[in-house]
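Here come two complexes built around chain A, the first alongside chain B, the second alongside chain C.
Then we have the complex of A and B:
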């Protein structure tokens, strides 16, 4: 099924603008730089996770392990900083290596053993959650002074907004992801793989390398999200971030990426994250609504966007151009 | 032209085994620079398998490949591309989810300062496709263009990627004369520069038009390599089939069609096909002739209700009827064997057996499964009748050769025993032997009183079996030919002149 991917992106962007305007018309303070700054800070870890998820879904796969990887990362960092004297930056590097290798290993199993990504990453999800428990069942606080230093990196915008480093990391990740997906051969190979792996193979796409790299990126970004989350909460807890993988998938789909792969934009995912964050903000502003309304609205949005994709697919396949229209008559 | 004795590519003793079958048995193939080498054989003879084994898409089980005298061992399409062997594989076309220029340049995109240079890519895509007479927007999704255009893009890609050898596996199956002409002129340019081209097709006219030599495969073995200037079409056919084939001639007895079964008045759909009239009687074959994009496929789809008409009336056996969904058509005992088997037809992972009974089962309703014994009986009958070459009816249909998939698809619709059968390009990708069989099958069905509508781009074929021929042009019915008027010349003339309906 084909569709116009760009149109889906524009619709997501329009939805965001509309939602922002509606919220702002009821609560004018929503237009303040403070709300915008919080939107970025509060959603930084989810945003990073969703970047990796976009890669995976574009390639035609899925990664259910990311929520557990984030929890594992938090506990790992907390425990290692408590037990040893190594510098957090070293711990970060170590963690990123572990989660990237973990993603790569899942990618290898998916490719070489021809197992469905759903099953492999589901196993990965239990494995990582289990490892987090093994390290510690309690919430472990992080008290390292370096964490305070990072938290003090703030850019105070006019209007009282405090833009933190972690929001910046997220935005940077989106920019890099955009460049990688659209301006490198690897990025195009990801789309090719998602379109049809059999065709991509015959066209010379290195399937093994691409699949493994995609899941490694997913794992690496989940690790980075874990770092950001541990900075955000100053603690590590093995029961944290349950179900975050599903939020990330929701953001990707709302962002206009096709769940079957091969079509979509990482910029769409960014707006997907912002839309979800906005709904949460709105509910906080309202004060009377239960926070479960967030889930209900996101559910409704997801449904609406999937219907929209169907409609777009239907519209574009009908408009297929016949040969005679475009062949130059000689 | 070929006095230089040094071959570009020399494959010796290529073996390929599949579970339960020997697909290639010690196959030799030698290509000289500057030649077009046709690879011929029946459906399932092993042509595509040979190509895949040579280019590393399949792992071969034996044999050596030499390129310019040095042994190579490509482990995948990437490596053979690097060696200068460009390939258009049968069936697998391109990526519909990506843009035209993405498809053309995937894997060898121009890079500027570490980043892909989209502007240059689009510009060069335009230039390259101009050489094939295409003026299309390279930024559009490939899926927004017709199969013919996609095929040309696939050829263009292979040509760009091939430095020494270009392999084309049934590249012209969905192309028009004009486009074939352009592809051939590109091929001639390449051979003039010393490249070797492998050309696989079932159109023998095209083989004799462009090729210098031909290697013929039968059941995975080479049965001969011939210089085409020394042999006739009949010789080649005999070599392919192992026996002599009667030329298909027009049967005289088209005299007595029965009652009108389907009558369409002012039937059409805006933007797809201009309103047309059609009276279809029992026991007749109505041929649809015209160029690609002339509205043949659209006519078939509108009648079957794949797209619902927005003009006109339909009557089935005198009763008014609304044909706006394939479900209704199926209930009323219509059948449509579509043109694009890859996207509209086969279900690749299901077995051949399941694919054959799919439509019959659908008409029965899924709550009333067919009996196992009945299924086997139907499947055996059609596998035999259409000579579908397979190891077992349990194998996934995607493993069949292209032509045999087409036959299985035909079997699916025949199994529903329809009153009205619409065939869109029933012989595409089918070998000469099976071609003749399908033509006689169409005749047999007609004699049994079935009403058929057959769209085809092969005039001889239409002439052989049609009781009447409707000529289409620019999505409009321009002429109806009947009786003595049905000759290749008349059809060609009507298409090119577009004489208005008499």
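Then we have the complex of A and C:
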């Protein structure tokens, strides 16, 4: 019998293909490489955030701070490039160090002070958003020539699609994440920690190091997403990307990862992101639907996938476990 | 019982007093209250008044968290309730009809969450995430994407009016808080809810109808969220589907945590959560009154939250306990605390 997490992944993939076919049959232009390229470019920052979120959720945690970290990154880059003469690549490196350290610090607090990740990252969310405000409350444009150079890196596909660098960065991040999660000891540790931290400790998994690394990865990828977002918009704005953490969590859940941790695939998250992007594309193509339908449809999808996971869970464990499964474990 | 409650909320009372004194330090007229035009005025009244939405939400959130759950949808439910109330009065309905309709919408949202959690066994954080994402879309569907304004006196009175000189929101949250506290503490309900949070399987084996109780706590949460939503809409004389109650769920959860309630469920105190809500509002007030640049608001709030959380963290508490145990010769060791800390670590999610 097929194991349920993998089945959930296939269903997510099938949903994407089906949705794309339905959209394409209504609007044949949807099958153009232009739409595909835009799907990757427009969702690059969300996709990168969701990679980090997948790590955190697989380990049994949650990270609410990512949206604020992206906003902070944008403002930080914009201000530092305006005020100093350093090269953007140096600024990128500096920023990645800051956000990775920030994630690691949250992980340490969660592990050593035994506080729920939900609350710690909530405080982190306030802190990062606040720091972004402190740096600047206005939208700061980025006019560095290096940004133009990056934005000009385009691979023109037949059909007029422009595959930009930032979409490539996202795909690369997914490939690396897959290798790390499925081919390294650290990846195994993340799954073990998410499955049961008590069991993982007894098995000799370094709980402290794994927890801190996972949140550091989450912070680092959110910083990378912030860099991508600043390239995408050529500006830094402290009010940007509010609520992106929820979109990222939704993408992870739609991708078939259990929010309790320990089960799921980063590839599923990729298709979760694509499905969410596709809904937005469809609404743009339709033209008569209002943007709030995006939220309702994503909510509906979330519900459908949660129910699906429940059904799969029941089907695979029926008869093996007495019906005393606690509803409230979170 | 009164003495026990007092001891339970003592840390929160101390923190509240400190924050209020900080307010007084930066703004000497803080405690000045006057009676003008049949209404009480003063900064202290403002804290109580502006804290009303979070205070109301924290009542429901306390019960939900006591069952080891969480309700992320309250902000979206507030938006839905405000939208429903506004659409009823702009459609020619009376304020009472609007209130009832909004409360019914809140109860429906609570029922949805409760059924998902209790019957479909979905983890609360996921179950309520659905409504959190979709709810705002639903609210915008009701208001047709606009900010729906209204001029109904009766409805506005709920947010901006007074009862016996006291602003209505204060009366509403005090009444709700008292009512719910009495209902859960004068009956066995509170204890049964705690039992579910501590060990649901055990509670069910002991004969507690955990499913009905779980649905009930989400119903209460939806109900108070709807009340808060109506108050916020009435206050600005309009329903803003995008911004009404935005991030309120986080403030409500924070109020419950500052109130010393464990996110892992079990023992709870509504009074402490309400004090937590007032502490959050007082912190907002101190930042405003001190004349600090508003950009610093969130940073300061975050730092204060971190300090409060560190003080309340099980590890720090344990260290303090050991320190005190070492200081007094009567208690030589703390044999049962270490396993407890261990357990907390294992069940941490």
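Quick notes on this one:
As a working rule, the second predicted complex is superposed on the first by the 315 of 330 C-alpha atoms of A that agree within 3 Å, B and C clash if a C-alpha of one lies under 4 Å from a C-alpha of the other, contacts with A are read in each partner's own complex, and residues count from 1 in each chain.
In this text, a contact is a pair of C-beta atoms (placed from the backbone, for glycine too) under 8 Å apart; a residue touches a chain by one contact, two chains touch by 3 or more.
Since this is a predicted model, take the numbers as computed values, not measurements.
Looking at the shared chain after the overlay, A:123 reaches chain C, while chain B stays out of its contact range. Within the superposed three-chain model, A:307 lies in touch with chain C and out of touch with chain B [touch as defined at top].
In the superposition on chain A, A:262 contacts chain B only, with no contact to chain C.
Legend: residue contacts after superposition of the two complexes on their common chain; A:206 is shown touching chain B, with no touch to chain C. Taking chain A as the reference chain, the count of touched residues is higher for C when chain B and chain C are set side by side.
By the touch criterion stated above, A:188 is placed in contact with chain B alone, chain C being left untouched.
Of the two partner chains, both chain B and chain C are touched by A:198.
Touching of chain A by both chain B and chain C, each in its own complex, is seen for residues 198, 324-328, 330. Chain C makes touch with chain A in their complex at residues 67-70, 117-118, 120-127, 129-138, 140-141, 145, 196-197, 200-201, 204, 214, 241, 250, 253-254, 257, 263-265, 294-303, 305-306, 309-310, 313-316, 341, 344-346, 348-349. Per the touch definition, chain A reaches chain C in the complex via residues 60-62, 64, 112-120, 122-127, 129-131, 133-134, 137, 197-198, 246, 249-250, 253, 259-261, 290, 292-296, 298-300, 302-303, 306-307, 310, 324-330. In the complex of the two chains, the chain A residues touching chain B come out as 2, 4-5, 179, 182-185, 188-189, 191-192, 194-196, 198-206, 262-263, 316-317, 319-328, 330. Interface of chain B with chain A (complex): residues 57, 76-78, 81, 87, 89, 92-98, 102-103, 106-107, 109, 111, 115-116, 118, 133-136, 141, 143-146, 148-149, 157, 176, 178-179, 291-294, 474.
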